[in-house]
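What follows is chain A paired twice: with chain B in the first complex and chain C in the second.
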Partner chain A sequence: MPIAWATAWRTWQMTRRAYPWTYAVGTVLPAALAISLAYLGYHAIGGGTVAADFQQGSGTTAYLAYVVVGATAFQFTVRLILWSAKALITEQRQGTLGALLVAPAGRFPYLLGFTVFAVLSSLVEFLTLGLVIAALGVSVPVSSAAGALLGALALVAAVFALSVGLGGLMIAAGEAHISQNTVFIVLGLVGGFTFPRDYLPLWAQWFAELLPTTSAMDVLHGAFTGGQSLPDLLPRLGVCALLTAAYLLLGLLYLPRAEARAVERTY
Partner chain B sequence: MTTSVKAAIEVRALRKEFPVRDKGIFGPRGVKRAVDGLDLDVPRGRITGLLGLNGAGKTTTIKTVATLLRPTSGRVTVDGLDTVTDARAVRRRINLIAGGERMVYTRMTGRENLWYFGQLYDVPKKELRPRIDDLLALVGLTDVADTMVERYSRGMTQRLAIARGLVNRPAYLLLDEPTLGLDAPIARDLRRVVARLAEEGTGVLLTSHYLAEVEELCGHVYVISAGRHLAAGSPAELKAATGTHRTIRLTVTTPSPATAAVATRFGADLELLPTGAELITLRHPDDMAGPLAAAIVEAGGSIGGLEIAEASLEDAILALADGSREAATV
Partner chain C sequence: MSHALRVFAAEALKQHRRLFGQPIVVFSMLVWPVLQLATTYYTLRPVATASPAAANWPLAADPDRLLAFLATGTLAYAFFFSLVQSAWHLSFERTTGTLELLFLSPAGRLTLMLANGAGALLQNAWLLTCFTVAALTGFGTLSVSAWWMYGIVFLALLIPAAAWGAFLNSLLVFSRDSAFLYTILDEPLWFVSGVRLPHFALPATIQVVGAVFPLTGSLIAVRGALLEHRTLAELAPTLLALLLLSATLLAAAALILRLGEARSQRTGRLGLA
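Take a look at the complex of A and B:
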């Protein structure tokens, strides 16, 4: 995949030159804030305990560990969408979309390059988040290391699949902020990142099932705080794989039309 | 039976419409027809011009050939490959240089830009490095190859965009106002590069507002107006077809009835100057300066001055545009 690596390298060079190193700290502050607020709420309001319905929905009483996994995964999802879904509209804004579209390179390896960059840079950025988590004294149990690894990979693939179609919508509409923030709100509310989906209305729970990130989060929570083994996690991994493949296929089919629309819009 | 594929860009009955809203996002939908039934050919080894006034459909045509736009109807092929169904194969054979767009990354160096686009075009690793050096030398950016593009001047950025357009050694080069904003010497160098590429077999489709540039470079020119074909031919043929004439001004210092008779015989205008000399003005499509001067001398006249103003392609295009407008109002 030389195009993916070349794109990842190019993005690294451009980002390194555009932003100071403190940018890496700033990007994880929302997750650090979410974890810190959960910490305060857990101790100041909850008195260090969780309700029975939380335990029923999440399979754990380790609320802070559950939030750490969810908030970190959500922040990671946001970072991945910001890089991968916004790649094409950023090209458009900087006047390089035409040069990219007229080249024979496929969009799949190109967008994959952004995801590779986002994953690698996020790993570095999340070291900062690790310091915050350590400072709060939160320990995260791991019931299945293999499940956690597969869950993380499933989340990357699911977000990538979402980003392909979302990136198409962005360039076709010529705007990024409304679409990206709508996705962030929807994912944050129904995706089962920081609280169990049992708290949601039934229709929202069914809607969440249509998102590939939901099953990926079930795997991650199950592998860390849920006490589940790898065989327990496989059904949800399968659902995630099917939804990811469907989103990816639809996104790749839609992308050429979105690109044509983007060029027409600037006519 | 075998069918031969013509090595050329072929545009056949191309129509391209864009949806438009007249009054904001809630206004009525309409359709703007940018190109309307256009036919053109761009063979290899020739620079083909595409001319027209603003809004004529030049950029839409070139973007459709470049696979960036889909035809509403009609067909565009490159060496027999359809620009819609075989877009990726077409993209390997073409490249686009648009003067009005940046098309390079500012937070990368010139060398890095060419390397990255080399990857996008799948240029073999062994070939890419020397090719980048050659291209940087070609556009005069060797000294600043490792400087970030954001520190380049506009002209230097444009030169890098030109190098980018050549990184895949395209069989067909699409040039949309390539010298826009370039200094005269750089524009001249680019014209030399384009002429050389055509000599080496590259097919070039060129749009430019600098008609002298088109006249200098193009072997064949298509003139379009409101997306429709208006005329086609070599610059000389277009000038001849539109009746645009070169102007010969000959000053006779010793006018006489005999020299006046010669002028009348050639169909020239006569004007008596305050100095007593006579100015003969002849507008003619052919080069009549020699025969006119010889006839005046034979008639006993002395020539005080001779000035020849060649008809330009600009005159021809303006004449065609005027004719098109008049036809539209009839």
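Take a look at the complex of A and C:
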């Protein structure tokens, strides 16, 4: 645990000193624009109504609240992946990966430290986003506060599990730009963030089931706009926990191989 | 003039060699825009297929037409975004130390900035152009008044985009935190220019801000010509405004380059402020 805190503290100091605004603007701006897009479309085009198939897929007519939850969660996911999955390749680029590998620190707490930092800094950024949402006058109903909290925790865990393996892939390939953006865009399309997954072709829906974030998003949407209570949400939470455990296990098994490959490629 | 043309060709070739054949081109110009288009389409579909939508926005009354509207937006955005990316690449010259060499050479500064953008533009955007034309023809939602309007569409994208690229390149050459500018110019660009929403849906203040960006005018011209069956005479005011805006951007780029270079000769720093 000291390793996790030390990593989180180091990252905080580094970000505060070198890039105080880049990351905050990079998180708040895309989410605020995505929400504003939905807001303008809803009022100017839909005339304050949505199509019937949206209600069938999402269980609500509160389109704006649905998009607010989805866009915020998506930006949070992106931010978490950018910190946790890119931690190792950043060390590699700065030339400190070798030092990290010989240090007597476990990789699991090290990556956890990045996630702790990302979650805490994102919370501050989302307070700013909350101001934007309040200014637009969108109110988000909460049908199960406990479900929402568990859903948020499930999303953090799912993204962390995903990031472990992805970080390994990045250092093994020595490339982050293509892999990270492809993951973001695929997640945004099939993950059920800003629209119900029923709109997608069937094969894409099944593919989405293989991603741990999809079930976490079902829980979050269900707990906010879906009008579901905690017992209704438990099955999807269970699915998310199983997938998260599987991804984490695979990631932790793969990571040492990826590290070996990255080092062999460099020297 | 022939000297400027030779510099232009050489710089465009350099940019071409650096980017061409890399997987990043396929991803950033085809895979990502197409997936992003699908996400936007599905996110907006609930409001565009709501019952009052057909009266509010007849152009996108059915899902196919909504997709065509968003696809033209994606096409024009890709043209402009490939320039943001090329400007970002130019800022690498700053880190690798070759920017000073460019300023030592007798090549025209504005020609270099234009060529750097144009090289990226021509080879990046053809991919998405092919795709969009194929997709739109497949939908059967195209409504074009004459065959040569395709040429007008191409010019309405190319000229403002090249001017925008020269402007961005000049700006980024003299900025330290290029990633920050990249974020600022990427996301708000699609929002204020009406890439994903029709102009009437945007508030008046945003429309005014959007008018500064050449992408706004390009989109009006492209959509008018491809989807709304507009003739050249109908589009003439828009095209004229685009031409004026492009000329202003080029003049601004020339001014930035002159001021920045004079300042760096005096202070040894590469920055405008």
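Quick note on the criterion: the second predicted complex is superposed on the first by the 262 of 267 C-alpha atoms of A that agree within 3 Å, B and C clash if a C-alpha of one lies under 4 Å from a C-alpha of the other, contacts with A are read in each partner's own complex, and residues count from 1 in each chain.
The criterion applied here is as follows: a residue touches a chain if its C-beta (ideal position, glycine included) is under 8 Å from a C-beta of that chain, and two chains touch if they have at least 3 such contacts.
Computed from a predicted structure; not experimentally measured.
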TODO: Could you classify chain B and chain C on chain A, in the superposed arrangement, as clash or fit?
DONE: fit
- [ ] In the overlay, work out which of chain B or chain C sits against more residues of chain A.
- [x] C
- [ ] Once the structures are superposed on A, label A:94 by its partner contacts, choosing first (chain B), second (chain C), both or neither.
- [x] first
Task: Touched partner set for A:41, first chain B, second chain C, both or neither - done: second
- [ ] Once the structures are superposed on A, label A:105 by its partner contacts, choosing first (chain B), second (chain C), both or neither.
- [x] first
Task: Vertex chain A; arms to chain B and chain C (CA centroids, nearest 10 degrees) - done: 90
- [ ] Once the structures are superposed on A, label A:2 by its partner contacts, choosing first (chain B), second (chain C), both or neither.
- [x] first
- [ ] If you've got the overlay open, could you tell me the nearest Cα approach between chain B and chain C in whole angstrom?
- [x] 11
Open item on the list: Let me check the overlay on chain A: which residues of chain A are in contact with chain B and also with chain C?
Closed with: none
Task: Residues on chain A engaged by chain C in the complex (per definition of touch) - done: 19, 21-22, 25-26, 29-30, 33-34, 36-38, 40-47, 49-51, 53-54, 63, 67, 177-178, 181-182, 185-186, 188-189, 194-195, 199-200
Task: chain B - residues contacting chain A, complex - done: 18-19, 34, 60, 63, 66-70, 87-89, 91-92, 94-96, 98, 101-108, 112, 115-117, 119-122, 148, 161, 164, 168
TODO: Give every residue of chain C touching chain A within the complex, in rising order.
DONE: 23-24, 27-28, 31-32, 35-36, 38-39, 42-53, 56-57, 60, 177, 179-180, 183-184, 187-188, 190-191, 196-198, 200-203
Task: Touching residues on chain A, where the partner in the complex is chain B - done: 2-3, 6-7, 10, 13-14, 17-18, 94-96, 98-106, 110, 256, 260, 263-264, 267
